[in-house]
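Two complexes are shown next, each including chain A; its partner changes from chain B in the first to chain C in the second.
What follows is the complex of A and B.
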């Protein structure tokens, strides 16, 4: 019997000197490798199929809360640490790698309305229904110490949200007005109001750190400059906005999660028209968070699902749901852009992969090259109907699916009515309003 | 009398026993049986009644499968009547029952009237008045066949009478033995069949083959005619084998062996064996006598006499190379045809010749040819008659007749050759008339030569070559030398000069016949050579056309194209309403005027793209199957389809690009490292303020855009 062995002669591949050209073990004459397009098409098709085969995004569920999870916060310096506040006033700190709870604090009475970490990661702030703002140490208390906040600020009104400045020892709370606090003081530096309604969330701009955005239940989104005493401008939408989130890579872009099932990405310089209207949810969008790369964001909805949208696309690229996940109240994209966390009504925090079919762990260079190539192929051939169909296919819960159908019908009816109205009225008397402009009621400066 | 009867019955018994033995408990109808086995019979009846309940008639005559040792008188059966014979019945004299007495008397009376018979016979003889009838009667009488009552020939009667009781007994014993032997043989065969060992079967098969070969050799020595028949059988088997294409590597067994052959020496051997077998089977069978021909003329002659030529001819057809593949196939096939059916020979030949004649001198030549064939036919008839005249027709005469047929064929083929030859000679630019003259004596000489050629012509090629040889000789030799040469050659090629007188006569006859006709043929051939050639080519083409008649690709294609064109044509719309404004009904058609009026002519569509391309069908319709893989709408960022196409047509894989290019092409826009925190962008990151980048985990592919925006933003903020 013949024994086959690998025999490699170094003469065939080792260069004499470093300056020699590398030997090319392949003839790249295009005539020798015909049918480029069909071959790549097939590869793209296979890559797309494999992507769907390996799409298993759900990683872990962190359970321990005894009430619905109301807010989430990322640790600014540690990827593994996540903080969550529940509807029973409990705050828990989780370790994601071990997937367990490392600390539990009974922070408030009633809801924990908001939670945010300091930029240095040594402490975090919580606000609750008990009209208090509390600052806590990130590390747990030593042996024999009591679990106590570093500072407690008693306010006059209920605070519904809190966010910390990205560089300075300043934080902002919202309730009836937006207050900007110095950490060292018990009174706000300034309070800004525009209108008389409760403000549901306030967010600092991560790039232009003096800017703030807030959204109120009187359907408006207000922008502030911390250095000024008055708000900058506001935009009034059709329906109330629940949260906004700034794009960490583009200073003037933010996305608002609206009650009308849509998300609106605004350029703060031109608020009269949203840059993009993202629609796919079938119920109110409750929370939104940007990927640290600024290319995508994730939204949590009352329809028991979370969706991932590319910033420049109006349709989501991904939807995550499980049978047990109820209304998702809060969602966060981890700082390494690989994972997504969502807290929902049914007391669990779920950990998902941001890219459903991505392989976790260390990749070899060949694996990486293959991954990149496949990704490029998918991109290249994404418009081909077969590939598009496969890539877009998702399983949806029946409720969501039927609601999508229903809303499609409603939308079509509305469109038809509009078309008819235009058709049967004096030309020019009924203006044709684009989808983007439709939802913006007014911009006030 | 009883003894005689007994003997007869025994004889009958022995004859019947061979066929079928009834089951023991077959329903007995004889009244004699009632006494001894009444109960048994009842039981049988019951069984039968039960078995008939299910509708099917189970009663079947059981076949005797083995020799029964108890062949007793008690279960002797009588086949024809379906009743059992009982010995007592045979022994006892016929009881005269009162009811049968009158009938018997009548019978006796009839028997006693012998006077009636003879005149009747005579009458019959006299009735045969026509010569044919007479002949028949004569023949019958000669062979002692019964003329009037065709029951038993006198010989049979005699043999019957000659058989005594002992003989009958002996015969019975013999039969029993034979039966026993048969059953043993059957049992043995069954047993052997059950053996699963392949090796055993292989050995058995080989042994059989060897034995058969040996027998064949023996037979060939003893009885060549039978051997030839055997050979034919073998040949037929070979052909069957060849047609079924067994013993190749396509079978299940062969495939399995082929897999094993790499590792298993035995399997390899088996495969080689199989291949050898295949080769052997598919090879042309060599006729055994060929080698012997060289040895001696006399022996050869004997064999020739023994083996009828017709047999060889059959082989010739079977063994000849594929006629389709031959260059000069036309003549060959014609020859083959003539050989197959010598009776049919004249017509096609005449036809061909007359065709080839063209317009030069059609009538006269045709007449001559026709006469020639007529004469030949008459000759054949004559020989046949002579054969008939001698009823004890010997092998010799038969052979001579077949020889004759063959010789005719040869002559014809020779003629064809000569046509060729003359054509060649024309090519050598000689005058036609002297050529003809020169050739005439040659052919005269050649005819007998051909006939007396010692070798039998085995195949078509040989037949051809035979002609060619002579052509060459004729060509090479100038006229004066020719005759001498011929005379020289003649004794060489004719070692068997002393021949049967009769044969010689015939030959001379033939020679005469041919010499008279040959000039006409020659003169015909010369001016029509080219036409012949043309015809040959045409025939060849025709033949190939016929061979591939099933798949006429070109016509199919044209038809397909025509259909495609028809299908793509816009259809006219006929809006005529029959019966509208005029009478309607079965068989009534709307008037032409109306039809013209209501026929909406479809506008001519755009010209087809393949209008001027005869070998192409361009389908201008959209193909649904490919459409599923095609982009219908130009995707968003592109403004022109060629932009999009260009992006698609540029391959990015490493199959088409160098490693570096591949890496560049496939780098994603955003690279993130797992486990690294990506901080929000800062003005310093994008080089607005010259400071080191604090975060390297994000690589922006297109930082320019951001910087410009940043600038704007910063400007704005500064303004604010």
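What follows is the complex of A and C.
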């Protein structure tokens, strides 16, 4: 007879002293871990609920401006420094870690229309209603010196926006026309115009650095190549575009913030259909900025909220609002892709987390592992109705909520009418126009 | 043992050469990598775990990423060409090149994806994502299989000398042969006064609770023999069950269900569960299932104290119950010979299986949820396949019929017949026990009233009219427990932490169904329904293929006529495809119809069928 009994030595399974860690032998045999799918589902549900519990995105409000904040700029080299221009011509430089203002300049008379930093971070440019372009040093004046711009260019017309080239000493302004300036000269090296309306924003492409995009109040978006004397092409939309922003990762892609409450992501090679129409705002979209990852962007709207959209989704993943925040005029995503800043009408700059439930600060390795595990679970079970419902739930101010309802009814009525029209006319005579194509009027080359 | 040369290789001539040429001392593995041999396989020695006689020989060896059954022949010539490439800096050669081999059967155990099913037709993006997920899944199963090497314990076994029948070996012999610690696990509790006894082990296998018909209830740490509590409830005790941990105890008494803590203090008296005959606890759902004389199956959520469902089985008195540990479905045996499967989400049974002529006396389901053993008043013991077919796999007639059945973690089946217990064993963990020859038998001092294998131990607890007997059954228990799931050696702190975790991930009762993995599958029906509704709402199909629009060609080449021509060409082609497909379908249907008609005998009435 040969016999062996299961006989464990408890010393192998119990820790020696109280100072040791507990011993936890593992066996991954599936029969010892029954119900793995239902248990993972419950874990995912819990993780989703906790995510909503910990969603506290608002970090700080920077106050000090004495008029509405009109424009924001990031420092290219320093994460903590932010510049803002207000409607009374004041420019302030802020320190985000200390959350205070470190410098105040009375830059212009009237609005500061645009502000941008030089790629090296040593100076910045502002344009204002007083028809001037001013270059300022990033560091404050020394003791006894006066606060003075490095250069001042007096223009003929009002400039409404400015953007600096990402690699060279060149910047572009817009107003009646798009002007491209060398930093050393007082006259533009090149002026480009297409149509006669005022241009509201101009942006350099961060990847293909010679490309520019601009949008004007005659409803068009025009693309330029700096090396050519004439614009490349333009697309005309239903309504006016307020700002555009290039995707920092994909050279061809840009997003336009439109007056008709939507945002349009275009591929500049095929302007006749936008890649995606982003709908969720209930009022005009005023500003848009991409995350440095190029996967998401944030938009600021006249409806007193900001929303975060994934690039490939037509609906927003997040909406931020507070009781005191008025019409949001400008918004920026910080270069570490963790925070969002927005400047609004009521003179404040607000700092938000890009991921509402993210824990700030250093994570221990166990925290990190748990976070990763929960993230994966949420991703795995995101389409389950219970989990989706919880993950999508957002509180909205009453005004936005009721407007959404109202617009839903309007949209439904329009759709119903269209369906009826198709149903009662000769098959094929009424074309079905997709939502993407509906808003593009024409493309001109 | 590891270097045992393969039978195909020509070992003797190689050895001769070695001896004649040089007598340099060699490492044991270099024998195989001598360049003069051509038939020897240079593959690494097989899995180190392949030692015990009970482990299957792993003939198949796993390559780096995919599980392939091909021998590693094509790799060989490359190794001869540049042996330098495998040399490390010090000049030593890696005797085990490549990743460690993993046996195929072990990988299969951990595999969660059915590779035979094709991926659904979907968009390229979804498809690539699915493919990535599959590759990841395969990688994890290989890693899990590889980690089996780290398991510390080997299962027990009992083998007779050749010709010796293991069933003839009595407990006294086993106790004499095994070590002291194991021998101490065999004991008898002589409790003639309050018997017969029902008993229950806690989920970790550390604690034992038993209740006698005449009101004696006790709980103890049976390994150290430390008594936790001993009370007399002054009422008949029908059944006893630990709840999720050893701190709580449910006792089915004559009138009502009572819950005690491990000090013997009565915490709850649940009057909504009256005249309970059998108890089952579903640990992952925190549900206590009770079967009563009134014919109700009641699910009590012990974490919130609410009754989740009370189902009327409509089959009279219920006194045969067991749970399927794989999917938490409750099996009830009825007096008409059927076994019905219940879930709290449904008012009707999920399935009904006619098992016996005459009433069902006992039901048990094994830990993988594959096999169900039943015994009936017709003295038969049957093993059923639960994987969809519900057909008996094997049947055996027992002289007295079995009144109690239980499965062990490793698939041993025990039956209590009068005052005798018989244990049958199968080939391995996932195979049904063969009922030909019992593995062990034992006679007790009184008729059996309750049976349970102790989890993670080679011990069978038997409650009978003379008390409690703890039997040694080598090979019954799972040797390697998972410390995070149920740890017999856990401290109080660990137990508390585990309790919080377990409560956090309590599975809702509605998720109990026959296939616990069904939740992970795509609900195709509702998906298609949703699509249909969307088309109706929109008035057109947004995912339909757009009609072909010819692209304008070079200047002068795309006249309207040529455009129309090209369009027409594509449309015709599509139309032809459609016709071809429908024709094929028709032919197929005709073929099937023919096959059917030949199968059944033609009837005179067929002429009236339209």
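In this section, the second predicted complex is superposed on the first by the 420 of 445 C-alpha atoms of A that agree within 3 Å, B and C clash if a C-alpha of one lies under 4 Å from a C-alpha of the other, contacts with A are read in each partner's own complex, and residues count from 1 in each chain.
We adopt the following convention: contacts are C-beta pairs under 8 Å (C-beta built on N, C-alpha and C of every residue); 3 or more make two chains touch, one makes a residue touch a chain.
All of these numbers come straight from a predicted model, not from anything done at the bench.
When both complexes are overlaid on chain A, the residue A:194 reaches neither chain B nor chain C. By the touch criterion stated above, A:302 is placed in contact with neither chain B nor chain C. Shared-chain residue A:320: touches no atom of chain B or chain C. Legend: residue contacts after superposition of the two complexes on their common chain; A:30 is shown touching both chain B and chain C.
Within the superposed three-chain model, A:432 lies in touch with chain C and out of touch with chain B [touch as defined at top]. By the touch criterion defined above, A:14 reaches chain C but does not reach chain B. In the superposed model, A:251 lies in contact with chain B only, and not with chain C. Look at A:6: by the touch rule set out above, it reaches chain C but stays clear of chain B. In the superposed model, A:207 lies in contact with chain B only, and not with chain C.
Overlaid on A, the two complexes show chain B and chain C touching the same residues of chain A, namely 24, 28, 30, 33, 37, 39, 41, 43.
Contacts from chain C toward chain A in the complex involve residues 109-110, 112, 144, 147, 151-161, 164, 166, 169, 173-174, 177-179, 181-182, 185, 284, 325-328, 367-368, 409, 429, 456-458, 472, 474, 477-485, 487-489, 491, 494, 504-508, 511, 516-517, 519-520, 538-540, 542.
Residues of chain A that touch chain C in their complex: 1-8, 10, 12-14, 22-35, 37-39, 41-43, 46, 415, 418-419, 422-423, 432, 434.
In the complex of the two chains, the chain A residues touching chain B come out as 24, 28, 30, 33, 36-37, 39-41, 43, 76-77, 79, 166, 206-208, 210, 225, 248-252, 269, 292-295, 335-338, 369, 372-373, 375-377, 380-381, 383-386.
Considering their complex, residues 628-632, 635, 644, 647-649, 651-658, 662-663, 665-668, 670, 672-683, 697-698, 700, 706, 709-710, 713, 716-717, 720 of chain B touch chain A.
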